[in-house]
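Going by the order they are written in, the chains are A, B, C, D and E; count residues from 1 in each one.
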Amino acid sequence: MLNKQIHYSNQQLQSWVDGLIYKGKTVIGPVKKNGVTCFSEIKNFNELILNERTVYSAKEVVLPKYDILFKFAKEKDKVFISKNENSLNNVIVIGLRPCDNEGFDYLRLFFKSDPDILQKLNTFISVTIACEKKFDGCFCEELGIDKNYSNKTDVLIKTSENGYDIYFNDRGNEILSPQASDVKPAEIKKPVPNVSIDNKVAYLKKLSEQYNSEKWKIVSMGCLGCGSCAFVCPTCTCFDVQDEGNTQNGQRLICWDACGMGLFTKHASGHNPRPSQVERRRHRIMHKFVYTQDTEGKISCVGCGRCIAACPAHLNIYNQALQILQ
Amino acid sequence: MEDFEPKLAAFVCNWCTYAGADLTGTSRMKYPSNVRILRFPCTGRIDFMLVMKAFDSGVDGLIVSGCHPNDCHYTSGNFHAQRRWVVFKEVLDIMGFDTRRIFFTWVSAAEGAKWAKVVTDAVEELKKLGPYSEFKKILLKKLQFPLDNKTADREIKTEPVIS
Amino acid sequence: MNIGFYPGCSLTGTSKEYNESLVAVATSCGITLQEIGEWNCCGASSAHALNHELALLLPSRILALAEQQGFTELLIPCAACYSRIATAQHQLLQDAKLLAEVSEILKIKFTATIKLFNPLKFLSEKILPLIEDKIKNKLNLKVSCYYGCLLVRPPQIMKTERFEDPVVMENILAKCGAYPIDWNFKTECCGASLSIARGDISSKLSMRILRDAADKKAEVVAVACPMCHSNLDMRRPDINSLLTAKIDIPVLFITQLIGMALGIPAEKLGLHRHFVKNDKMVSNVYSQNKVECPA
Amino acid sequence: MSRIGVFICHCGENIASTVDCESVAKSASEIPGVSFSIDYKYMCSDPGQSKIKNAIIEHKLNGVVVAACSPRMHEPTFRKACAEAGLNPYLCEMANIREHCSWVHPKGEETTFKAFEILRMLVEKVKRNTKLLPIKVPVTKTAIVLGGGVAGIQAALDIANAGHKVLMIEKDPSIGGHMAMLSETFPTLDCSQCILTPRMVEVAQHPNITLYNYAELESLDGFIGNFKARIRLKAKSVDPKICTACGVCWSKCPVKKIPDEFNTGLSKRTAIYVPFPQAVPNKPVIDRTQCTYFVKNGKCGVCKKLCPASAIDFETKDEIIEVNAGAVVVATGFEIKHTDFFPEYGYGRYKDVIDGLQFERLASASGPTLGEIKRPSDGKVPETIVFIACAGSRDKAKGIEYCSKICCMYTAKHAMLYKHKFHEGKAYVFYIDIRANGKNYDEFVRRTIEEDDVNYIRGRVSRIYESNGKLIVKGVDTLLNAQPVEIEADMVVLATAIVANADSESVAQKLHIGYDKHHFLSEAHPKLRPVETNTGGIFLAGACQAPKDIPESVSQGSAAASKVTILFSNDELTREPQVAFVNRTFPPQYSSCTGCLLCIPVCPYKAIEKEEIKNRNGEVVKTVAYVNGGLCQGCGTCVAFCRNKSIDIQGFTNEQMFTEVMALNF
Amino acid sequence: MNQKINQHIAYLMKEKGVNLIISQAKDSNGFVIPHFILSENDIISSVIAINEMRNFFAYLNKQEIKSFKSIGIVCNYFGVKTFFQLKFENQLKDLELFLLIPTDDDFIEITSEKQAEDYLSGLKQSTILVDEELENVKKMSMEERWNYWMKTLELCTKCYACRAACPMCYCSSCTTECNIPQWIPVPASLHGIFEWHVMRAMHLAGRCTECDECVKVCPANIPLNILNKGLHNKISEAFSSDDSSIKYALNFFQPDEKVDFIK
């Protein structure tokens, strides 16, 4: 719960972040690599890009595009395995947005039965920056996410007259270690839950009635079946397991997979339960807005709009859902 | 890099260069033993993917050799191969791959001496160039063993299974 | 209609009549021959025997000048000059590096793609279509057309049709009312290159040519190359010394014959400049129809 | 689970001297999948092979790797041994640790390790090998002989005598080709007609040979053993069955001015004609391009009215028949350059400058002058004849740089014939080199020079021109200190160059065989396979492959015939299964091949065709590539070419080569 | 699209029985996106500059779109080039296509391969393509080029958007999907990415129509087209002596042609 509040000037914020790096913490934030904004470790404050929404989401920090689960080697007639320990302790992820935090919150629900990933999700310290304006394609408000408040973070930074108001909880306190003097109890206007969101979510649930409607054909016509929407989405968690190596030794890798691609649901027999893009697009929209309501109790789309920017045909998942429902 | 022993593979066509290598053997000529020869029916059969797989399996250099133009047992295999290599070499050059490590030659069945020379020169050149470490850096998978903290997981007895 | 013109040394020297008759015929057909400025010797006489580089540079300079002065077509009436310039052009077009080198030496940037005309091509492509209706006097002379060597050889460069037995002059003169005869020495060598060193051999070779023309009852020999003319005409006394029966068949340039057919007065055609007398033959050509054609 | 046997050979001392075979055998046994590994002194010996056979049976091996010499040497031996032990021979591979390892490297641990690594690569490959069976292709035991010259006749007779059906296709009205036009033949001067006509009659009467004269090959499809040919029978307008060849028609035919091709234009023939008296079949044919009935639509018809057997019918049309054949022998012969090809010899203007074939007709008893050598211009007997050898041949400027091989011989023959017929005549021969390299050939030329005193002048002729009735031949004699020579001759005979038929390019394209830059048909290998072509089942004989004389053409005819009889010796053609195949998958996709068909031009043997996959009710569902196993020789160029790996080749599949390459590192 | 094209689209749908038009439109943020016209009232008029237009031929690889049988496509010069190349490779078999190429206020309609060829030969296009990114990559030394590519390829996540958007990538089972043997490593490790992009460039060599769709759709904006353009230049320069009737240089060869780097 964000119970404390302090005020930093521009300069203070910069020296705070540089201080963290100096203290040996790994600070990961949005940087521009070769024209593409993504989350990666930074060496000093001005590498950070804080005024744009990143192309790739922060999910990359917890679930990298490919990760080594374990390595195995065979000597004589014994097989040896070495697990890959990469935990996220003293990692600080800065530059998150309220929608990213909602994404992480969903991931915590999704991976509640997977100790390794859950442990990763709970160890890193998140520093969120509230959004003043919506980036093009954002529709977090329509899904009930307040763009300038998030209580699912350790530190919340809001711009104010000459600097930043920083609200933090006790985990945030460790990394901020502010002087007691300028700490004030946080008076922050918690957003009042408005009822229209709940019936919006219920309204979205009606999508399952439209399951066999002809409109899916029209909606999915623009989808080419690539994986870019899944790979930029903060809440997409599908993965593929691959073994690489030779008869003596090798390693098992876990890497991203996307339901949009044709091979995703192809059975060894050749049968494909979702043979064309119509079924695949429908599955994606239903999964984001309907299926997770039953399994995780909340819709898994956080309205960040990254998938709209990354899609070759700029399909808007939310508008399409509404279009189906009319 | 004197003590470095390059790992060299050779994709050769069965009718000319393989026979040429046989002739090098029958005339007891000596050449360095770093090379491993793989037999293909024709240079036309040598796929650019297999060349990439050779470097994927960690070789430092590769000899690709076949019949001289117009000598091909299948009349035109080497012509098609030649055109493919022009394009393949170009894409590797653009990508900055070290194409000096791929030696394209024609060795006929009668040129035993030339085969020995090709292998010796190739090993010489690779010793100068050293191991292909940039490429091996991205080959992270197989080459970083033995395991750091290994825990015995299970034992597998390989007793003969009567199928 | 005008065309670049490279007279070369012989047309301004020993074969002045070839120049006069050519200009007369051209002007009467409305074609102005525009001489290219500061042209130099084409190196035909000795250059190509002594120094290959000089043999290439001299004609290349002519090509460069013509192109620089904006000509797209160039008439080269003398067979020797044409052969030198055409060979140079052939070499330049085949080797871009050589062309760059040459234009570097000459300090003139040129592409050597100018269209060259040897006398036969010029007459058949430019003059023949125009003189159809301008014929005043039918020549009705038995004429044997002598091509010599440089106009037809080497075939890859000269590209003359039926280079062993050409018929270009025959077609033109037939249009002028002459009766070309079929004889065997059209492209035999007249010994021009030995005319100074071994006059006796060139006399013998020229004699054989004239003897065959005489056998075939030719009344005049038509030539299109100053060297052929000088050997068959100027050397006539030595030739006759080798023969029992004298041969007094006159040797005229084809442009002179065409000029007579067009009715151009004799003095304008330089008919009086020949060693072998031709006034009797000329007078009965002009006498057929009294009308004098305006100058 | 693969159970592979590894057999390491010492090859006496050849391998054992530098490779420690025991340790290789021991370390080989540790390779996963190897369940039996021994080394032995002589693997290829009988005891060695029986060791392999016993091991296969005893250990139930499903893969064998023999580490010994080069597979080019003993692969068949070891594969046969495995087959005898019941293991599919294509599950046996050889690792070359002799030529590629023991012989070329010094003794030492390094060489032993290399031998082990080579062995390991092959073990990995064998794990991916699959059982293969040789390909069986049915053979239609009928041969097509294209061309009725002496080579074709010889081939047809040999094949027919071997008991197989032959279809001979000849484009002229009669068979006999150029040999029928000759007078006598060198070196024995026996009359060409006397030795050829019996053979032609034998062809006509042979029960196994069907002769299609005045016919051309329209198209040829299919592959070795299964060709489908369409033959165009040109309309003869005379029904050979009814016609008795009484001769009324060609004697009464009003059109008499057609230059007779058989007599090379020296005489004229009628529109309805028999090419020459001994023609086989001896039935006339109407030349529709000249006959006034066809040219001036229906004006004449004299022959039809006068024909006692009323065998003439103007309405017959060209007919196309379909035949099946197992092999094709191409014996389409040659053409010679005519005098108009030579500018320096007068562009063909002078009537008395003739070519060798015309001289043959003059010398032939059935020729226009009944054997008398007479000048075509005025019919007088020439007192002086100049023969010019190498007219056009061996001349880069004329684009014919090869030697036409037979002109030296027939020029000597012509000179000898002329001198025999006209003793006082003077004969000169201008030559560069005399090439008389056959049996009794040089003796024949020496006889011409010494006994018939034909004088041979070594030098080229620069020009010929006519001067008051005489042909002035200007040449040079390079032996008499290079004096120019001028001969006044009455007649000049040019031994002109032999060139390929004008239509040889289209014939080669119809048969899908290669041809060189002179349009002669290309043999598979100039020394080792001179009568075969790169396309299976198509053979060459005679001058269509290159200029050659009668003995060679006849022997090539027999050689091609023997190749055909070998092919027909068994009902099925078995071939190495190293053949490409396009993959097939479950229905909606049917095959991973996208049907882009860019691979078709890649195959040197034209073995890849388009195939339309149809569903049960016949609609075309997908067009994909199809490899014809009969034609594919297994080079694999298409496999490396195909983008999405839809074509693979048995014996060197993608998977086998992949594992072999990946086994490189370990 | 301009007025004339819209009228023609209406005409096509009414008379010619065309039941799908793949047109182009601009969305709210100005991106050019595909606009599918199934009936007259879907027709909208939007102004897109000719060089801004995209190449949506990749949609023809989708089974659902193929089932429309008779389709119209609004495209530019690259679209026609793609159409010609696909026809040359025997694709678009059972499809009836109407290509609509907008000129300033009018349009050109192309339906057959012949018309496409004439249209293409009309526009004198240089065989050598100039691309300054390719130029400065070529200027680099080998190590610099390698580092340049390792840095740019590092961001690739193998989402295969480049393969999905490319009209020439129509293989029903791509080699990346072949796992016996596993030619291309599946995970997006640097090595897997390197092999994928080399294979993609090789498979497009001589076939790519340079419509740059792959660059437009790549979320990691990797300059993929400089590989294709580099190969295009190499092919047209190395095999320039092939005569013009040869459309694809890699399955053809000239008798005894020589290459310098093979000793």
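Just so it is clear, a residue touches a chain if its C-beta (ideal position, glycine included) is under 8 Å from a C-beta of that chain, and two chains touch if they have at least 3 such contacts.
Keep in mind that this is a model prediction, so the values were computed, not measured.
Counting steps between touching chains, the shortest path from subunit B to subunit E takes 1. When the partners of subunit B are compared with those of subunit C, the chains appearing in both lists are D. Excluding subunit D while holding all other chains in their positions yields the touching groups A, B, E | C. Chain centre most remote from that of subunit A: C (centre = mean of CA atoms). When every chain is reduced to the mean of its C-alpha atoms, the one closest to the centre of the whole protein set is E. Between D-E and A-E, more contacting C-beta pairs join the chains of A-E. Distance between chain centres (mean CA atoms), subunit C to subunit D: 54 Å.
Per-chain CA centroids place subunit A at a distance of 92 Å from subunit C. The distance from the centre of subunit C to the centre of subunit E, with each centre set as the mean of the Cα atoms, comes to 62 Å.
The geometric centre of subunit A is 73 Å away from that of subunit D, both derived from CA atoms.
Contact with two or more other chains is made by residues 244, 246 of subunit A. The residues of subunit D that reach two or more other chains are 32, 585, 589, 602, 641, 654, 658, 662-663, 665, listed in rising order. Taken residue by residue, subunit B touches two or more other chains at 48, 53, 56, 76, 80, 84, 141-142, 158, whereas all remaining positions touch fewer. Every residue of subunit A that touches subunit E in the complex is listed here, in rising order: 33-36, 38, 55-56, 65-66, 136-137, 217-218, 220-222, 224-228, 230-232, 240, 242, 244, 253, 255-256, 258, 261, 263, 275-278, 310, 312-314. If you check the complex, the residues on subunit B that touch subunit D are 7, 9, 14, 18-19, 21-26, 28-31, 33, 36-42, 44-48, 50, 53-54, 56-59, 72-77, 80-81, 84, 116, 142, 158, 160-163.
Those residues of subunit B whose C-beta lies close enough to touch subunit E in the complex are 48-49, 52-53, 56, 69-70, 76, 79-80, 82-98, 104-106, 134, 138-141. Partner subunit A is touched in their complex by these residues of subunit E: 27-29, 31, 33-34, 36, 38, 58-59, 62-65, 151-152, 154-155, 157-161, 163-165, 177, 185-189, 213, 216-217, 219-222. Residues of subunit C touching subunit D in their complex: 162-165, 184-185, 212, 215.
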